[in-house]
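Below are two complexes that have chain A in common, paired first with chain B and then with chain C.
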Partner chain A sequence: MRDKFVVALAVAAGVLLAFNLYRIFLVLPDEALQGAIYRIIFFHVPAAITGMIGYFAALLLSLAYLSFGNFRYDSLAASVVEVSVVFSVVNIVTGSIWARVIWGIWWTWDYRLTSALVCVLIFSGYLMLRRAIDEPTQRARLSAALCVFGCIDVVIVWKSIEWFRTQHPGPVLSIRTGGGRIDPAMEQMLYLNFAAILMIAIALVLIRTRQEATAREIDSLRRIANAA
Partner chain B sequence: MKSLAQALSVARKDLAIELRTKESINAAGAFAVVILLLFSFAFDPGADATREIGGGLLWLVFAFAGALIFNRGFARELPNDCLDTLLSSAVSGASLLLGKSFANLLMLLAVEFLSLFVFGIFYDVRWWLRPLELAALCVLATWGISVIGAVFGALTVNLRLRELMLPVIIYPLLIPLLIAAIEITNALFSNRPLGSYELLWGRVLLVFDIVFTALAMALAETILVN
Partner chain C sequence: MDARNFTFMFYGFLAAWLIVLLYVISLARRGARLNRELEQVKQLIGADRASEPARLEDRSR
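Then we have the complex of A and B:
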């Protein structure tokens, strides 16, 4: 049942992504000032939002693990962080490509770029910590604690670096600006592609969660075999 | 009150061990001096620009030296199962973490004091012009570093790659605190009055200290279960 759901979700995400790609590259016109490169926003912004949603979900799942001690929450948190890091890297790479064309540089120490990089570093530390601990209960407990610290730190990092330096373009989505900063057709496309990327992320999380559960089962069987 | 007394006992114990062996202080102090020396090859140490970036140099040195102290904080409890004994004693997890943080704070402050002297001589920076403000800044910022160091020192104590994992985890977490400390230190070294911009960073330091001290106390038992 669950396998069928994952396959159905992945297929639906694939179909929606194909439709979006057709619209993005063949239907929507170039942007007046930026030309064709503006299309990267349809991947850059959804990847950033997906990553952020993932970190917030990981915080809740880590708190749930610390409260209830159920390994399902730990597996889910680890999978969510892993997928979120991937989408954050997509966000940084697409942003870098856009910056090279528009600003003429691959990287600038702007607050959002720096904050996004710090997020990736904090949660890469989380993934490295998990690899460094063999004992499953200890691994789940300590990585949940690190996740809580990391998520709360991300909020302070974001505000600090915003006060420190700002160069990034301002928000464009109507939900933040009240409208007028982006063409409605482009904004609709942005939301549609966000839906496709979020569906891909959920499918990846479900696949990774099952792998985590299987890895834990194999590990416990190995321990039993070694003890016998 | 009892928790605070227990924390002070743990800190006293750690400081007594450190005063006898001097292993962390000597290593961290020597490391700080070496890094300050190496910085002099990266740019012209006599230039006025040194005063403008002095805060950044110093807080990087403090953060690097701190990692050496934090690595030893819980690792020194591993021989003879001292950590197990501490965890099974009447001392609560929160008091243990708080005590370790106090000990980290005092050791790192000692290294900072030494580094300031060396920095003043090597780079001709008059850091003593605003002693009270600088002392308050050092205590506030070093407390945040010490708490994070104690928490993640405990978290990584049983890991194979302890020395490697600790810096990888703590430095990204310390970024807001380091930005705040660097901005205020630069203003103090330039002998500029502290305006609303510096006070904003002062508030960031306070928020960081309060939030992470509270979080460390709340998660102490989770982190310290062996």
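Then we have the complex of A and C:
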């Protein structure tokens, strides 16, 4: 049942992506000032939002683990963080390529860019911490605590473009600005591509969660074998 | 500017999909390794259980 759902989700994401790519390249015009390169926004921003939603979900799951002690929350949080880190890396790399054309530089230590990089480093540390600890309860508790503290940086990433006006542009989406900063057709495309990327992320999380369950099963069977 | 613009746009899309593709490959490899490990552990436990009656017989002698 779950396999079928993952396949259905992946197929739906693929169809939506194909439709989006057709519209991105063949229907939408170039942006007046930036030309064709602005199209990176359709992956750069959705990848960032997907990552942030993932970190927020991981925060809730970590708090749920700390409250109830159920290892399923811990496995799900770890899976969500791993997939979120992948999309955050996509966000940073595509942003860097975009910046090379528009700003003339690959990178600058601007508040948004730096906090986003710190976010990736914190959650990469979370994944490394999980590999370093063998004892399941200790691993789950420490990684949940790190996730809770790591999410403070996610808030800084989110709000940095409002708090500090530096190199990175301010908010453009109408849900944050009230409108007028981006063409409605481009914004609609952005949300459609966000839906496709979110579906891919959910499918990846489901696959990763299943692997976590298999790893737990191996662990418990080994304990049984050692005890016998 | 336009040719460079298109080239970098291509790099951007390529980089995005390459990162996701590498992750999917790593996920598939990890899944295969975990399934292999699970089979091995199950076989190990199965072999242990199969040898248990023999051990008991040895002790009774």
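FYI, the second predicted complex is superposed on the first by the 215 of 228 C-alpha atoms of A that agree within 3 Å, B and C clash if a C-alpha of one lies under 4 Å from a C-alpha of the other, contacts with A are read in each partner's own complex, and residues count from 1 in each chain.
In this text, a contact is a pair of C-beta atoms (placed from the backbone, for glycine too) under 8 Å apart; a residue touches a chain by one contact, two chains touch by 3 or more.
Just so you know, these numbers come straight off a predicted model, no measurement behind them.
S.K.: State whether A:37 touches chain B only (first), chain C only (second), both chains, or neither.
M.R.: second
S.K.: Would you sort A:48 into first (chain B), second (chain C), both or neither based on which partner it touches?
M.R.: In the superposed model, A:48 contacts neither chain B nor chain C.
S.K.: Now for A:66: first (chain B), second (chain C), both, or neither, which partner does it touch?
M.R.: Touch partner of A:66: chain B, not chain C.
S.K.: Of the partners chain B and chain C, which touch A:157 in the superposed model: first, second, both, neither?
M.R.: In the superposition, A:157 touches chain B alone.
S.K.: Applying the document's definition of touch, where does A:182 land relative to chain B and chain C: first, second, both, or neither?
M.R.: After superposing on A, A:182 lies clear of both chain B and chain C.
S.K.: Once the structures are superposed on A, label A:89 by its partner contacts, choosing first (chain B), second (chain C), both or neither.
M.R.: Only chain C is touched by A:89; chain B is not.
S.K.: So, does A:77 touch the first partner chain B, the second partner chain C, both, or neither?
M.R.: A:77 contacts neither chain B nor chain C.
S.K.: Would you mind checking which one, chain B or chain C, touches more residues on chain A?
M.R.: C
S.K.: Just which bits of chain A does chain B share with chain C as contact spots?
M.R.: none
S.K.: So in the complex, which bits of chain A are touching chain C?
M.R.: Chain A residues touching chain C: 34-37, 39-40, 43-44, 47, 83, 86, 89-90, 93-94, 97-98, 100-101, 200, 204, 207-208, 210-211, 214-215, 217-218, 221-222, 224-225, 228.
S.K.: Per the contact definition, I'd like the list of chain B residues that touch chain A in the complex.
M.R.: Residues of chain B touching chain A: 148, 151-152, 155-156, 158-161, 165, 168-169, 172-173, 175-176, 179-180, 183, 200, 204, 207-208, 211-212, 215, 219, 222-223, 225.
S.K.: Can you list the residues on chain A that touch chain B in the complex?
M.R.: 66, 118, 121-122, 125, 128-129, 132-133, 138, 141-142, 144-146, 148-150, 152-153, 156-157, 159-161, 163-164
S.K.: Could you pull out which chain C residues touch chain A in their complex?
M.R.: Within the complex, chain C touches chain A at residues 1-2, 4-6, 8-9, 11-13, 15-16, 19-20, 23-24, 27, 30-31, 34-35, 37-38, 41-42, 44-45, 48.
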